[in-house]
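We call the chains A, B, C and D, going by the order they appear; numbering starts again at 1 in every chain.
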Amino acid sequence: MAEIVSLAEGVGRLVHDGDVVALEGFTHLIPHAAGQEIIRQRRRDLTLVRMTPDIVYDQLIGAGCARKLIFSWGGNPGVGSLHRFRDAVQNGWPVPLEIEEHSHAGMANRYVAGASGLPFAVLRGYSGTDLPKHTDTIKQITCPFTGEQLAAVPALNPDVSIIHAQRADRAGNVQIWGLVGVQKEAVLAAKRSLVTVEEVVDELEPVAGQTILPSWAVTCVAEVPHGAHPSYAQGYYDRDNAYYEHWDSIGRKRDSFEDWLRAKVFDMEVTEK
Amino acid sequence: MTATTEAQQAYTSDEMMSIAAARVLGNGQRCFVGIGLPSTAANLARRTHAPDLVLIYESGTLGSKPDRLPASIGDGILAETADAVISVPEVFNYWLQPGRIDVGFLGAAQLDKFGNINTTVIGDDYANPKVRLPGAGGAPEIAASCREVFVVVRQSKRSFVDKVDFVTSVGHGSGKGDRERLGLRGAGPTLVITDLGILRPDPETSELVLSQLHEGVEVEQVREATGWDLKVSPQLSRTEAPTEAELATLRALKEAGK
Amino acid sequence: MAEIVSLAEGVGRLVHDGDVVALEGFTHLIPHAAGQEIIRQRRRDLTLVRMTPDIVYDQLIGAGCARKLIFSWGGNPGVGSLHRFRDAVQNGWPVPLEIEEHSHAGMANRYVAGASGLPFAVLRGYSGTDLPKHTDTIKQITCPFTGEQLAAVPALNPDVSIIHAQRADRAGNVQIWGLVGVQKEAVLAAKRSLVTVEEVVDELEPVAGQTILPSWAVTCVAEVPHGAHPSYAQGYYDRDNAYYEHWDSIGRKRDSFEDWLRAKVFDMEVTEK
Amino acid sequence: MTATTEAQQAYTSDEMMSIAAARVLGNGQRCFVGIGLPSTAANLARRTHAPDLVLIYESGTLGSKPDRLPASIGDGILAETADAVISVPEVFNYWLQPGRIDVGFLGAAQLDKFGNINTTVIGDDYANPKVRLPGAGGAPEIAASCREVFVVVRQSKRSFVDKVDFVTSVGHGSGKGDRERLGLRGAGPTLVITDLGILRPDPETSELVLSQLHEGVEVEQVREATGWDLKVSPQLSRTEAPTEAELATLRALKEAGK
C-alpha cells in the first residue's frame, strides 16, 4: 500500500544515484516540483526517461543530474529549443549526456511492455527512418503467422517512476483525469513509484474520464500543491504559457541558468527547513 | 514578410500558407494534427469550410473542438472539448497504427525532394550535430500510417534540401515504390504547403514538384528558396488570395489563442 | 460516420453468410437481441468469435447459424453447461461445430492486436498447457532482446463485431460505462460494426468510467431497448439471473430449444412486421 | 452432505470448505477471484478476518467490495463497488501478467496429483470428448502468473485423478522443477482446499499430500475420495470447526446473494 510522505522524503527514499528514473506527464501534470527536489538532493548519474523531455528535464540536465536520456521529443513546446539539453549533447556541459532516441509510438509501447511484464513490444514503426542506425534498442521481428516484418522495442522498467496527479485519498489511491498520457503505464512499469498530488482528500469523488491507480500499485504519495507548475492540473490551475516563454531566457545561457538554480532550487531548500 | 503583389495585399505570406493549408482539408476527414502551423491550419479549416473535421492530437484527444488555438499539443482545451480522451499508448496503437486517420498534418525542420522529413539533427554527424533538433515525437508513425500526409513548412534553401541529414519521418524514401518496399501503408506526403506555393509528388518519380503558386509569388522566387533543382508541374496553378472571411477567422483564432 | 438503423436493417446489411462475427460483452451488455436477429435472418456458416460464448451463442449454435466457434470459456455462468454448444460439439447437431480454443488472456490479446493493426500479439501464456496441441493459432516467439520464449497469437479481425451499449447520440457516438470488457477492441478490430444501444439521446452526458467510441469508428447504431436481456445494462436494468437458470431447462433438450426458437425468435419476426 | 462428527454439527461440509478456504487468505492480499466456490470464500474472508483483502475479478474490477455474493463474475455490484474498473485486456496485461496478484483462487473440474487443472474436456479424445467442459477462461494465466494459487474444489475419485485428461492450467506439471522449466513465474498451487481437508505440495516432489483434515473427517475417507495413492503429511493437522461468527457471516452472504 502506498505510504503518504513529504516530497523530500519520497525523493530521498525512492531516487538513488545511478537510477533509471522516469518523470511522466504529457504536457498535462508534469511533475516539476519532484524534478526540482531531485536537483535539490543532488542526485547524480541518473538515466532519465521521458517521452517529452521539456523544461523539467532541461532543469535536471542543466543541473548535472543525468548521464543518459531516453526520449522521443526534446523541446520547449510551442517555444523552441531546450538550451541546457543542447548544451549537454553538443558540448558536454555540465556533464556529457548520452542519448537513446525513439519515436513516441516506440516509447509508449516500451512503457506498455514494461507495465505488462513483457520483455518487448511490437509495433509498426521506424521503418525507413535513420533512428535504428543510432538506437540499438530498435530491432526487427517476424510475425510467426504472416511472416511480416515489424519493429520490436525492449520494455522500459524504470527503477522509479514519478508522476503528478490531481488527488489521492488517505489510503493512497490516486486519481487522475483530463489528459492521462502514459502515466499509468510509467508507474506500473517501474519497480518503485512516487506520485505527487495537488491534494490528499478523504474520498475520491468519481470524475468522468478518471484513471485510478490503486494504493497497492504505488509506493509513495506526496501532497505537493502546484506541483506541476508551469504545466497544469486540470480542475486546479491552467498552464502557465508565459513561463514556458520565460524559460527560454533562463535556459539559454549557463549563467542565467545557474542563477535560477541557486535562487529557485537550492535556496528553496533553506526556506523549507 | 508581407506578400507583394501589384496592389499590396493586406495579408502576410504566413497567413497565406495557413489559409492554403486549411483549404486542402476536407470536411469530415480525420486529421492527426501536429502543433504549430498544422494546428493553426486545421483549426482554421474547422472554423471555415470543414466544421466536421475531426481533430486528433497525440496527447490523447479524439475530436477536439477548441474555440481558440491551443498553446500546446496538450492544452487543456483539447481535452475539455474532445469527444473522447484516451491514453497516449492508445492514440498510437488503436487509432494511428491501424490506418484510421485520413490526414497526418506535419511540420518539418528540413525536407528533401522526396518529402522525407528531418526533425532530429542538422549536420552529418549524429553524435556531434551542428544543431540538435527536438527529435521524432509522433512524426515517424504519423508519416507511415496516415492515409496521406500534408506537410506545412516555410520554404527556404536551408530547409528544402536535396537530401535530409537525417530521415526522421519517411516521405517517399529515395523515390517511387520505396514506401511499398518499406511496408509503409499510407500514401505518404501528397501535398507540401509552403509560404510560397504548394508542391506535389510527381506521379512517375515521387519527386516533389511545384504545382501551385500563391498570389504574387513567381516561379523563380520558389526555385531560389529550394535546395534542389525544383521542377515545375505543367499544370501549374495559382492559389486564390485569402478571402476576407478566411483572414478574419484566422486572425480571431490567433488573437484568442494569445 | 455511423448510420442509425433498425436492428433488422443493421444485421441485414452487416452480417453475411460465412462471415466471421464477434458478439462481445463480458457478462455486462451482451448483445442478445442482435444475436436473435441473426437467427431470425437465418444466417449460416458463421464463424462465431467470443471470449465467453454463453446463452447468446448457445442460441446461435442451436439454431444452426455457426460452423465454427473461436472462444475461451463456453458455459452458462453460475449455472452450468451450454447444452446446445455441447450437442453441436459432441453430436454435430444441428450442424457440426469446429472449435478454436484459447484462454481469456489469449483472446483479449488477439482483439488488441486486431484493434492495433498488428498481425499478432505477444503474451505470457499457454506454457505447459495442452491448448497449443489442439489450437494451431498459438505459437512461440523469441524476444529479440532477451532471448526469452513467449506465446504469440494472431490478430482477430472479424468481418463484423456487434456490441450493446447504454446509449448513442444522434451523430452515432457511442457511450459505454460500467464493465467495459473487450468491446472497444472488438469494434476497432472489425471491418464493420453494429452497436445496439438502450437509447439514442441528444447529448451524451459524461459518466465516470465511460468509454466513447466516436461515430466514425462505428458502421451502424441501432436503438434496441433491453437489447442485452438477460444480461444487464448498468444504469438501465439488472441482470436477470433467473433467466440464466431458466435457460438451462430450455437448452437442455432439442425439442424444448426448438419450441423456444419458434415462439421467441421466429414468431417475433411476424410480430415485428 | 452434512459432515458427521460424533455430535452432529450444524454445518455442511461445503460450508466447512468455504470457511477453510476463507481462512487461508491474508488481510491486504491481492486475490484474483474465480466465480463459485472461490468467490464465496474470498467474500467471506473480506467479511471476517481480512477486511482489506483486495478482490480482483477478470471482468475488470480492482478492489470490489460487494455486500452480497456476486451472481456472476461480471455482476454489476462488482463494478459499482470497485476502486477501479478496467478493460478485460488491461486486467490480463497490466495486472495479472506482471505478477502483481498475490493469490489466484481457482476452482477445478478435474485435478491431478501435481495440482494440474482440467476444465476443458473429460476423456482422452479432445475432438470427441466424453464431456465437454467450459474451457480455460482466465485460469491458465492465473495459474501461471499469480504468486501462488489456491484451489478450492469438492473432493471425489472422479475429480481427483492421477493425471488430468487435459492440462488447462498448469500446477506443478509432472513434478518438482517443471514450473521453472516452463517459465512460469508464480509458485503454482500451494494449497488445495476441499470439503474433506487441505492438500499441499510436498516440498521435495511437488506431489499433493494430505496435510490437514477437517473436523469429523478421517484419513481413509479422504484416500477413498482420491484417484491416486494419496500420501499423508507427517505433520497432519486438524481444521478447527467453523465458529458461529464464520457460519453466520457465510449464511448471510449466501442469503443476500439470492
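The definition used in the following text is that contacts are C-beta pairs under 8 Å (C-beta built on N, C-alpha and C of every residue); 3 or more make two chains touch, one makes a residue touch a chain.
By chain, with names taken from UniProt: A, C = CoA transferase subunit A.
Because the structure is predicted, anything quoted here is derived from the model rather than measured.
K.L.:
Which chains are shared contacts of chain B and chain C?
P.N.:
A
K.L.:
So which one's got more C-beta contacts, C-D or A-D?
P.N.:
C-D
K.L.:
Provide the C-alpha centroid distance between chain A and chain B, rounded to the nearest whole angstrom.
P.N.:
Roughly 29 Å separates the two chain centres.
K.L.:
Averaged over CA atoms, how far is the centre of chain A from the centre of chain D? Could you give it in whole Å?
P.N.:
Taking the average C-alpha coordinate of chain A and of chain D, the gap between them is 41 Å.
K.L.:
Using mean CA coordinates as chain centres, what's the gap between chain B and chain D in Å?
P.N.:
58
K.L.:
Identify all positions of chain B at which a residue touches two or more other chains, and write them in rising order.
P.N.:
Chain B, residues with two or more chain partners: 93, 97, 145.
K.L.:
Mark out which residues of chain A touch at least two other chains, giving numbers and ranges.
P.N.:
Each of 117-118, 123-124, 148, 184-185, 209 in chain A touches at least two other chains.
K.L.:
Can you tell me which positions in chain D touch chain C when the two form their complex?
P.N.:
Going by the criterion above, the answer is residues 35-36, 58-61, 71-76, 78-80, 85-89, 91-93, 96-97, 120, 126, 128-129, 131-141, 144-145, 166-170, 173, 178-179, 182-185.
K.L.:
Within their complex, state which residues of chain C touch chain D.
P.N.:
Touching chain D: residues 26-28, 51-52, 71-75, 77-78, 81-82, 85-86, 89-90, 101-105, 108-109, 111-112, 123-131, 133-134, 148-149, 178-182, 184-185, 209, 232, 234, 238-239, 241, 244 of chain C.
K.L.:
Quick one: which bits of chain C touch chain A in the complex? Just the residue numbers, please.
P.N.:
Within the complex, chain C touches chain A at residues 117-124, 137, 139-141, 143-146, 148, 150, 152, 154, 206-210.
K.L.:
So in the complex, which bits of chain C are touching chain B?
P.N.:
Within the complex, chain C contacts chain B at residues 1, 115-118, 173, 184-185, 188, 211-214, 216-217.
K.L.:
Can you tell me which positions in chain B touch chain C when the two form their complex?
P.N.:
Against chain C, the touching part of chain B is residues 28, 30, 54, 62-63, 83-84, 93-94, 97-100, 145.
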